[in-house]
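Dropping the structure in here first, questions after.
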Amino acid sequence: MDILNYTEAHQQFRMRLREFCQKEIIPNVDQWEADHIVPKSAWKRMGEEGFLCTNAPAEYGGHGLDFLYSVIVAEELARTNHTGLAAPLHSDIVVPYIVSYGSEEIKKKYIPGCTTGDIITAVAMTESDAGSDVAAMTTTAEEDGDMVVINGSKTFITNGINADLVVVAAKDPNAENPHQAVSLYIVEDGTPGFTRGRHLEKMGFHSQDTAELFFTNCRIPRENILGQKNMGFIMLMEKLQQERLICAIMAQFAVELMLEAAILYCQTTKDTTGKPMSKYQGMNFQLVEMMTEAHIGRVFMEKLVADHMEGLSVVKETCMAKYWHTDLTQKISNQVMDLIGEEATAERSMILRGWRDLRVLPIFAGTNEIMKMVVGKMSGL
Amino acid sequence: MDILNYTEAHQQFRMRLREFCQKEIIPNVDQWEADHIVPKSAWKRMGEEGFLCTNAPAEYGGHGLDFLYSVIVAEELARTNHTGLAAPLHSDIVVPYIVSYGSEEIKKKYIPGCTTGDIITAVAMTESDAGSDVAAMTTTAEEDGDMVVINGSKTFITNGINADLVVVAAKDPNAENPHQAVSLYIVEDGTPGFTRGRHLEKMGFHSQDTAELFFTNCRIPRENILGQKNMGFIMLMEKLQQERLICAIMAQFAVELMLEAAILYCQTTKDTTGKPMSKYQGMNFQLVEMMTEAHIGRVFMEKLVADHMEGLSVVKETCMAKYWHTDLTQKISNQVMDLIGEEATAERSMILRGWRDLRVLPIFAGTNEIMKMVVGKMSGL
Amino acid sequence: MDFALDKSQKEIQKAVRDFTKGEFDKDLGLDLEKEGKYPADILAGACDLGFIGIHFPEKYLGADLGLFENCLIAEELCRKDSTLGLALMMAGYGAECVLRFGSDGQKDQYLTPVAEGKMFSAAAFMEPGQAFDMRVMQTTAAKDGDGWVINGKKSMVLNGNSAGFYIVLCQTDDTAATPDKRLSMFIVDGDTPGITCEDVGRRIGCNMLSAADVTFNNVKVGADKLIGTEGAGYSQVNAYFNELRVLLSAMAVGIAQGAYEKALDYIKQREQFGKKLAMFHITWHKVADMAAQIEYARTLTYKAAWTFDKGKLDAGLASITKMTAAKAAMAVTYEAIQLYGGYGFMTEYEVEHFYRDAKFIDLFCGAISVQKDVIAETIVGKIK
Amino acid sequence: MDFALDKSQKEIQKAVRDFTKGEFDKDLGLDLEKEGKYPADILAGACDLGFIGIHFPEKYLGADLGLFENCLIAEELCRKDSTLGLALMMAGYGAECVLRFGSDGQKDQYLTPVAEGKMFSAAAFMEPGQAFDMRVMQTTAAKDGDGWVINGKKSMVLNGNSAGFYIVLCQTDDTAATPDKRLSMFIVDGDTPGITCEDVGRRIGCNMLSAADVTFNNVKVGADKLIGTEGAGYSQVNAYFNELRVLLSAMAVGIAQGAYEKALDYIKQREQFGKKLAMFHITWHKVADMAAQIEYARTLTYKAAWTFDKGKLDAGLASITKMTAAKAAMAVTYEAIQLYGGYGFMTEYEVEHFYRDAKFIDLFCGAISVQKDVIAETIVGKIK
């Protein structure tokens, strides 16, 4: 049985995107990694070709395509072996906040630009002292007439430098229950009082512009609120299923890419007697074990995508997947490095970039420890 | 989405079987474990209630039900925490040889009895020097007029003592290619020259009558051959997909049963401050991890069952599942023992029997090393 | 540093090796393990040679040696047969509480018969339904004249129904805020009225020794049966666990070594697909892993034993050692069975009971999670 | 046995600790790691204190000490900063080939400048596209008068483009049936004509040292540059690997210890959900695992180094140690990052480069599968 049903249209879209990646992304990746950022022009090209916001409703300028297109974008981008052009984050994690909670005006105003690539988005939740513990958030939003004044700082913000629009989570200092105090606001680039901090140096994700954001008496119009005031937590929760599913999907494709490279290496690299590594039973079995885990991961991931597309609530299962799949990236990428050995220690061996980039997967979008806490709670342990 | 579609009829069958297990199996299990065998009467009762050969064609006296009924039997029997009444082996591994390769006469003669429980079956392939290496088989079958004369010995034969009918794999000593020399024959209990050897003592599977079988000038009618002469290997191969799938299914259900016990223990056992084990984060996370692996294993297993029922060839995937699922039984059963701790060292804690029984799963029906060899070959490594 | 055994240690090791070669019999071992019978003759022989209680003072028939030498003996015994080894080494289960914390009178009365093999001892610590938490005991010892009266139930007491004396951990002060003042340790003679035993039956391993749930019903003991001082029980039991865990580690190492050697013999003679199992590359990788785990587990065990004898062993190192050695033994015995294939699951090929005994040690005196808590407590302090 | 460091070893350890406290600077370290620059001043300081080549004879500015003391230094340096430690310890990469197998003349000429920090050395063994298999070398050394002429290409040579001299493994006898007669080892001065280097660029770790693919094109060397005897190369390189693998293990232990200590500091001050990370039970279990792995990896490393100094180290124990220590370092540094959460992925919090350097060691001089083959070969002999 096929768990997911890719149509002819899906396949054509995939082929177009793959070709685009070959022509316009892969040749530039090394430069972007060196620059520690992807030029906005690349985002624009993605938009022009219709690869952004595939899942956003057509009536607001999105492409109104099903979630499988998002999966395809994640898969093909994974194959470019870089993380900078974070379309899935933009299209399927940030923009959905606007789609689901934005007012009519907001949707009309921003979604078209998000789709064309003229607007690159980011979501600003994490703070230096509020990582896993969102309730510890200290950024405040206070109403002042028709305006809302935001003060505070955020960190580890993906697309932090490129972002033209940031969805900022901020707290109402006057609310007593910290879990009913958070609201989400849209802050545009250039708003007075909104500044970018350092471009953070990382182990990986080099082409990814991760930054600190500062808000100092940053005044935005009241209408820039997403959804109801102080309901930010619920909104965040509602979006977690898709966010975590995206992580699992990215992880799954990364694993498959790594594995392909390992198989190719072991089949083509021979010892001095001419025997390929893949014929050494010890390596052979390792490849088989990785193929098995990748296969099982694929089945599990596809089942979740199908359930998600059916609109089922699979929060618990997506938390399981987020931690299990991202842990799998660590196990596999380290094993692949082991199989290739010393040659894998050079950046010129592309596998190394994957290994460096993947290390953050078990940490971001909620650490895997947080995932387990959620699953444990939801299971009544 | 539901990968498997259980109908009302399936559920009723399950409930009937569950009740039967409660009434007629579970109360006797301790005795059977002590006796190292299950009385034939228990098999008979299974047959009377329609729990044997559910998947065998109705026109030959089987129940002609789909494979989901076999899955249900495996699941409910797994919940009896014993291995002696090996209905899945009988109904879904041995009898299928008769169904697929038996002559019209053979099918008419034996399948009804196999279904009623009057005939308990076993398959005799393994020899003391031919475990994983089936080609090393030394048991011979030579034609002598209308008769076939079988000489040799088999070991590790499940149902070896109870078996009324044994499917014996034997080699044609005159064939040169060892891979085209094996034929399958039906040998009935009481045939002169067919004797049972020792009842083997094992780490687990105590209620399971595992034995050696000896054939000394054992003469059987030529018609007792299954399929074509010297085509035994192909027949064995053709049946491996279902055999290994059954192993994976049994393993999956065993894992779920173990896990249930661990969760119950950790929720109900409290330290001297009244804090339940399940609230200790270290244990809590272990439970979550086991739940996750069990969940993923369930999805993978159900997908394979669905593919198998569609008649797809998923040999490679079933080999993956056989090793992955049976390895999972080891990981989980050991972790469950760890969580329960010293109390789990007593046989009175039922968990221990499961731990002992499961140790053989990565070994039987083709060791997990053999599974990996097959996957590696099929993957062109 | 010096990683070599000294001359007398090598001699002890060799003596035990010769002893097991001469006295341990495979079929006898399998029978006793299956029947749950005790190898009385072999114990007598081991006592004659001074292998039991070698760490006792000479006046109590010991050799005044350390935990290190005791570990060498445990390792060699378990290497030859895991269950026989456990049976011999655990006959005096708990006797170290007398050795380390007891009075001269108590030592004279109880250590000597243990070293002679005339008396089994049994540490009665665990209580039903409270896992491995010793902070509070339901079993109480109340002042009674100048003596004590003990009431309560202890679960899964090794040697429970064959013990000449018990080491019983009792609550003597319900009002004490912290465990380290709450408990006291007592010696209770096996024949004291009021003791009833319920046999636990067969267990995962260590099956030549019995185990029982032991009930103490108004059991009266004299003041001279208190070990050390009143309220010292909690620190005593933890100190005892440090020594016991290192000894268990040595047994785990021996079990791993024994299963490893059996597997090596097997793969060198067993052929499949026309070549010896030993010549399959995957076998190489399995064997390498087994050898590595035995190597570091043994080295660590020796270090822990040496540290104890120097009076410097802390709970962290003891638990690190037990966790590491037990894990290694589990991994090695597991692979030994796997290398044997179907035969590994068969009782007569022995490795399966090495595996079961390894798991017994893994779960005995605190499973992994308990060990981790002990280790972490020494590093980051009390959990809030 | 004795598991304590002696007085002079403790002094060495303390001296290195003081040195790193005084000379290692976090920001400098991060910069050099990022820029791939060498800490020349720090090397000079380390040489002045005799930390480099401490295992060399005194006449070559060493201290006549053993691999054990060299390991103590390596551990302490890497503990403070994994990359600075690697940079200092690997400056003389391959020099032990001269120390162990070279002539007095060779030692005098090449060991002294290494101990002075005036010269880097580079072991040029690996060749492109044949993984870690050294049985056959494409690089050849042919007799040329009374000297030799070397042709071939070596890949990923550490210090490749900064070496004062290379240790080059060459094929000198194509007709030899077995590797142990086929190869020979040569010293090649860095400025010898015919040597061209292609920088490898940034690597996973050890980034303060460069690496290069080195081509030898009709490179002429004198007869005096042959190390030991002709045909001894294979056994020499394997003997050298035994020593190197123990040294790498010591660095792995230091890296693990350093990352562990950083993580401990972090979890004691970082709060989430109103309590310190250190007080979460899962943190306890992680910390316990980390402590256990460091403990047995260090103990085993010390044993291997001691065994080498006693002249008894075999390839099996060397590879067991390297595999065990590298695995432990990987597990510990991985968890250190995880405990730091998002900060762990950020360069400025350092643990990420500890993790990368740990993986460098894990893959350097043979990844796990190579180590397992070496171990197994010592146990079950040549694979058919």
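Per-chain residue numbering starts at 1, and chain names A, B, C and D are given in the order in which the chains are listed.
The rule is simple: contacts are C-beta pairs under 8 Å (C-beta built on N, C-alpha and C of every residue); 3 or more make two chains touch, one makes a residue touch a chain.
Note that the structure is predicted; figures quoted are calculated from it, not measured.
Using the average of C-alpha coordinates as each chain's centre, C ends up farthest from subunit A. As a whole-number value, the distance joining the C-alpha centres of subunit B and subunit C reads 38 Å. Centre-to-centre separation between subunit C and subunit D, using Cα means, comes to 41 Å. One simple way to say how far apart two chains are is to compare their mean CA positions; for subunit A and subunit C this gives 52 Å.
Across the assembly, subunit B contributes residues 280-282, 284-285, 369, 372 that each touch 2 or more other chains. Annotation for subunit C: residues 281-282, 284-285, 369, 372-373 touch two or more other chains.
A complete topology is adopted by the chain contact network, contact being made between every pair of chains.
On the subunit D side of its complex with subunit B, the touching residues are 280-282, 284-285.
The part of subunit D that touches subunit A in the complex is made up of residues 34, 126, 129-133, 135-136, 155-156, 200-205, 211, 271-274, 282, 330, 334, 337-338, 341-342, 344-348, 352-353, 355-356, 359-360, 362-370, 372-373. Across the complex, subunit D is touched by residues 1-6, 9, 68, 264, 267-268, 275, 278-279, 281, 283-285, 287-289, 291-292, 295-297, 299-300, 302-303, 306-307, 316-317, 319-320, 323-324, 369, 371-373, 375-377, 379-380, 383-384 of subunit C. Residue ranges on subunit B touching subunit D, taken from their complex, read 280-282, 284-285. Residues 126, 129, 131-133, 135-136, 155-156, 200-205, 269-273, 277, 280, 282-283, 286, 330, 334, 337-348, 352, 355-356, 359-360, 362-364, 367-369, 372 of subunit B are the ones touching subunit C in the complex.
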